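Look for chain A in each of the two complexes below; its partner is chain B in the first and chain C in the second.
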Partner chain A sequence: MWWTALRNESVKILAKPRSYLGFLAITLLVGVILLALALDGKSYIEFVTSSLQQSLTVEGSMLNGYLVGFIVLQMLVVHLPLLVALVTGDLVSGEAAMGTLRNLLTRPLSRKGLLLSKYGAAAVYTLVLLLWLGIMAVLVSPWIFGVGDLAVLSNEGLQILPSEEVLPRFLQAFVVAFAALYTVACLSVTLSCFADNSIGPIVGTMATIMVFTLIGTLDVALFDQVRPFLFTTHMAAWRSLFLDPVPWGDILFSMVLLGAHWVLLIGIGLWTFERKDILT
Partner chain B sequence: MSPRTLIPPDSTVVKAVDLVKDYGAFRAVDGLNFELKAGGVMGFLGPNGAGKSTTLRMLVDLIRPSRGELFLFGLNYRSHRQQILARIGCLIEKPDFYKYLSALQNLELLARASGVKEPRLRSLELMDFVGLNGRENDKVSSFSHGMRQRLGLAQCLLHDPDLVVLDEPGTGLDPQGLIDMREMILNLNREQGKTILLSSHHLSEVEAVATDLVVVDRGRCVVQGSAKALLSQSERQIRITVGRATEALTLLNAGPWAGGGRLNDRGELTMALGREEVPAAVQFLTQNGFEVYAIESRQKLEDYYMNLLNHHQTER
Partner chain C sequence: MFGLTRLLFFGFVSFAFISIGQQALAQKSAAAASASTDAETLVNRLVQRSASLRDLAAEVQVQADVPRVKIRPLSATMHYLAPDRFHLQSPRLALLPRQNPMELFEFLKRPQGYRGMLMGEDKVGRQSAVQLSLLPTGADQDWQLIRLWVQPTSARILQAEITRRSTGTVQMQYFYRSANPPTDPAGLDLPDSLLFEMDASSLKLPKALTADLHRGSPRDAAKSASRPLQAPDGKARVAMGFRWISKNQGAAARFFKTQKAG
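Coming up: the complex of A and B.
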């Protein structure tokens, strides 16, 4: 029955025009970035590497499809939470507002099973959205700009990854990025269990991200203890996959922490939904 | 659909015992008791705010009772939720569907959620039953209210339930739609053997189909019994068509028939009178200058219901 419920949820997501906004937004944004870099990418690279130009000489061009893909990811991963929350924040509360939750909850399916199918559908949507970004960043960019070694700026300085190592690292980076984005999806579905309209959970999710990001950014001793445990601190953990050596310990910590958020948020959602009176 | 046991005739399908539902400090249902036997059509009546919708929502587990017990087919939701819901179909308040899906897609989706083995076939069969054949692929957003009501009835029959709970199925229907809905309810009960719980403000529709009645007010059961027995016990109503009905009612209330009369929703004077009292009442009215145009003796659910509630509210 869970698979049937998951199928039903997927049918609904596919049929909703709102679901395609994210794909449209990604396509437009990536298109703008690719166009800008194709027209004036050299100046951009010179600007970014201006501090290093006195200490090293670069022969040839650092601008290639892999670097463009990396830039695209870096620029867009911050926008993805909103695109994810737009759809996942509506999964329960949107149905409550429409009145269709009544129809679903009077079927011989457990409330737990129904809600888990919604968390499952949220995972599928997040994954497909991320894959679309991946296709645009890692397949379209090299097709336009060609491939080559990837130069990444880090705290250690400029690191060069040989081109044959880049694709596997992108793949691993997407896994970590998925873990972070799915935490956002879980947060919005959980908030959705408390509401009877879809605006609240979407705004609530974005507000939580903003507050947590602020706490993570402010250099205040009071926040030092909590900062490592906020999921927003680990939203950019995927970037560590492009360091040499890869800080696997940090990445493992990020993954465990994000996984703990999934469990906590899904647990809160199930507890709430099991006891929710359907009044709409 | 999973195989299930047949319900023996006269077995109890619904049993509510001291059912209570509180919303904060407000008590919507206050110790409600009633029973529904298999094979009947129960009219579930009460004024707005009486706790009908809350009770129906508790019956289909959309709302959890604050106290009391609810048994359906002898089982309760705490331990047998899925088994119970596999045997109940419901249309609660208004029929809501996914507007971006077609009527058939909506039914198929709900059929799959109900565990129906051939969702498409069953959905098409029910669209035909409710008279929506030919509109299968139209988006629900293009449907009129009456068509949505019909689709609402179809969705509650997808898994061939034993008990059908209908909350205001006639709302917004035109006269032909009301007649069709009545026919479908009678068909479900008499031809298909389904037990029906029907809540409606259309008393004439309830009267046409109900075998049993439950009247609730302020969250409590005012009366329960077979429709026939309750109506036959009730006082015969005399409907008097009289000029200046409001003034006539005031006069009667100040005289020997105080509290016995009321105005119905068409502005006609109705009174609970014994046969022998009719000439005196008519004489009283004419002597006081009122013109009496018609006298009709009847025993209607509407009169019974209004009198019952008037007495109940006066007592409280």
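Coming up: the complex of A and C.
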């Protein structure tokens, strides 16, 4: 029964035009980035390596599909939470606004089962959106620019990874990125349980992300204790998979923390939805 | 009488001093002449060896140790065709010194472009060497100063310090598996490995691209950035190990011809 509900919720997401906004946005944004790098990518590389080239020379092309894919991921990871929240924030409050929630609850599926199917549909949507981004970043980019070693710039410096290791790292990175984005999806669905219209949960999700990100970047001792436990601190944990060696301890901590956020948010959502007076 | 004796004595002493002085001067000139001859001889031997360098191919292992850069060792194929065609073929990205390994030999081939001076004896590791300074004689040259540490008996280069306008100062250490160079003076005496060392204290990576909004406070980022990946002495080192496939057998010429055709 739950699987049927999940399938139905997924179909409902597919039926909404706004669900395709995320895919369209990703396609356009990636297209723009690919065009910009195709036209002026060499200047970008020279800007990064100008200091290095005073005494050393880089043999081989740093500008390849894997680097472009990495840049695409880096640039879009900031925008993906909005694209996710745009759809998942509407899952409960949208039904409430349309007046179909009461109808839905007359079916022989518990409130818990219904809400969990919505959380499940949010996961499916997030996964598909991320898969589309992955196709654009990791398949289309190498098709246009070719493959090669990946040069990654981080706080510690420049790391050059052999090309044969890059694809597995991208796959692992998408798993970690999914964990982060699904946390955003869970937050927006949970906020959706409190509202009767979609704008509130969507704006609320983005506002939460902005506030947490600000807390994460402000250099204040008061926030030092809180920062490791904010989910926004771990939203870029996927980048750690491109370090050498990979800090598996940090990544595991990020995954556990994000998992804990899922449990907490789903728990809050279930508790609220079970007790909510459905008046619309 | 006493005055004559004194005169004779002072004359004798003066004559002795003048003789000793002249002898010393003569010896110094002889030494200088000998030294310049030795420098000339050494340069000629280096030129003779370098002149025979035309076409090389080798399998190369490259290992770079650069501050704030992490790159794994890689294998590549090197082709060199005199005077200036150098190519490293590898599917991987390689960090190489801007000074290519063969440029010194090409410079040595043109003795009219520099003047050699022996600067004395020195040691390179446990090996005795003489220090030879080469000063380029042309105006407005890229090459500013070349210092070589050369085995005096075999004219084998053990160490080099090259200062160029374009690349700064690069130190190179030459390592050879065979204890003795080829007996033929014009025979190629190529190193089996080279270690390049250059100053990398000015290496800075753009901060704007390293910022990560989701990675803690600027204080954490600064702490992380102050931890160099390796090479804490601010020097960049690139080690190249060679397995010579072809020496003057046309392999590089064929390679570049194929590249041009392709």
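Here, the second predicted complex is superposed on the first by the 273 of 280 C-alpha atoms of A that agree within 3 Å, B and C clash if a C-alpha of one lies under 4 Å from a C-alpha of the other, contacts with A are read in each partner's own complex, and residues count from 1 in each chain.
Rule of thumb we're sticking to: a contact is a pair of C-beta atoms (placed from the backbone, for glycine too) under 8 Å apart; a residue touches a chain by one contact, two chains touch by 3 or more.
Here the structure is a predicted model, which means the values were calculated and not measured.
Chemist: Would you sort A:Val124 into first (chain B), second (chain C), both or neither based on which partner it touches?
Modeler: A:Val124: touches no partner chain.
Chemist: Which partner, chain B or chain C, touches the larger number of chain A residues?
Modeler: Higher number of touched chain A residues: C.
Chemist: Applying the touch criterion given at the start, work out whether A:Leu153 contacts chain B, chain C, both or neither, answering first, second, both or neither.
Modeler: Touch partner of A:Leu153: chain C, not chain B.
Chemist: Let me test your reading of the model: by the given contact rule, A:Val203 touches which partner, first (chain B), second (chain C), both or neither?
Modeler: Once the two structures are laid over each other on A, A:Val203 reaches no partner at all.
Chemist: Contacts for A:Arg239 in the overlay, against chain B (first) and chain C (second): which applies, first, second, both or neither?
Modeler: After superposing on A, A:Arg239 lies in contact with chain C but is clear of chain B.
Chemist: Which residues, counting only chain B, touch chain A once they are in their complex?
Modeler: Chain B reaches chain A through residues 57, 60-64, 81-83, 85-86, 88, 90, 92-94, 96-101, 105, 109-110, 112-115, 155, 159.
Chemist: For the complex, give me every residue of chain A touching chain B.
Modeler: Per the touch definition, chain A meets chain B at residues 1, 4-5, 7-8, 11-12, 15-17, 98-100, 102-110, 275, 277-279.
Chemist: Which residues, counting only chain A, touch chain C once they are in their complex?
Modeler: 47-48, 51-62, 78, 148-149, 151, 153-160, 162-163, 213, 216-220, 223-224, 227, 232-236, 239, 244
Chemist: Under the definition above, what is the set of chain C residues touching chain A in their complex?
Modeler: That would be residues 64, 66-72, 76, 88, 90-98, 167-168, 170, 198-200, 202-206, 209-210, 212-219, 221, 224-225, 227-229, 236, 238 of chain C.
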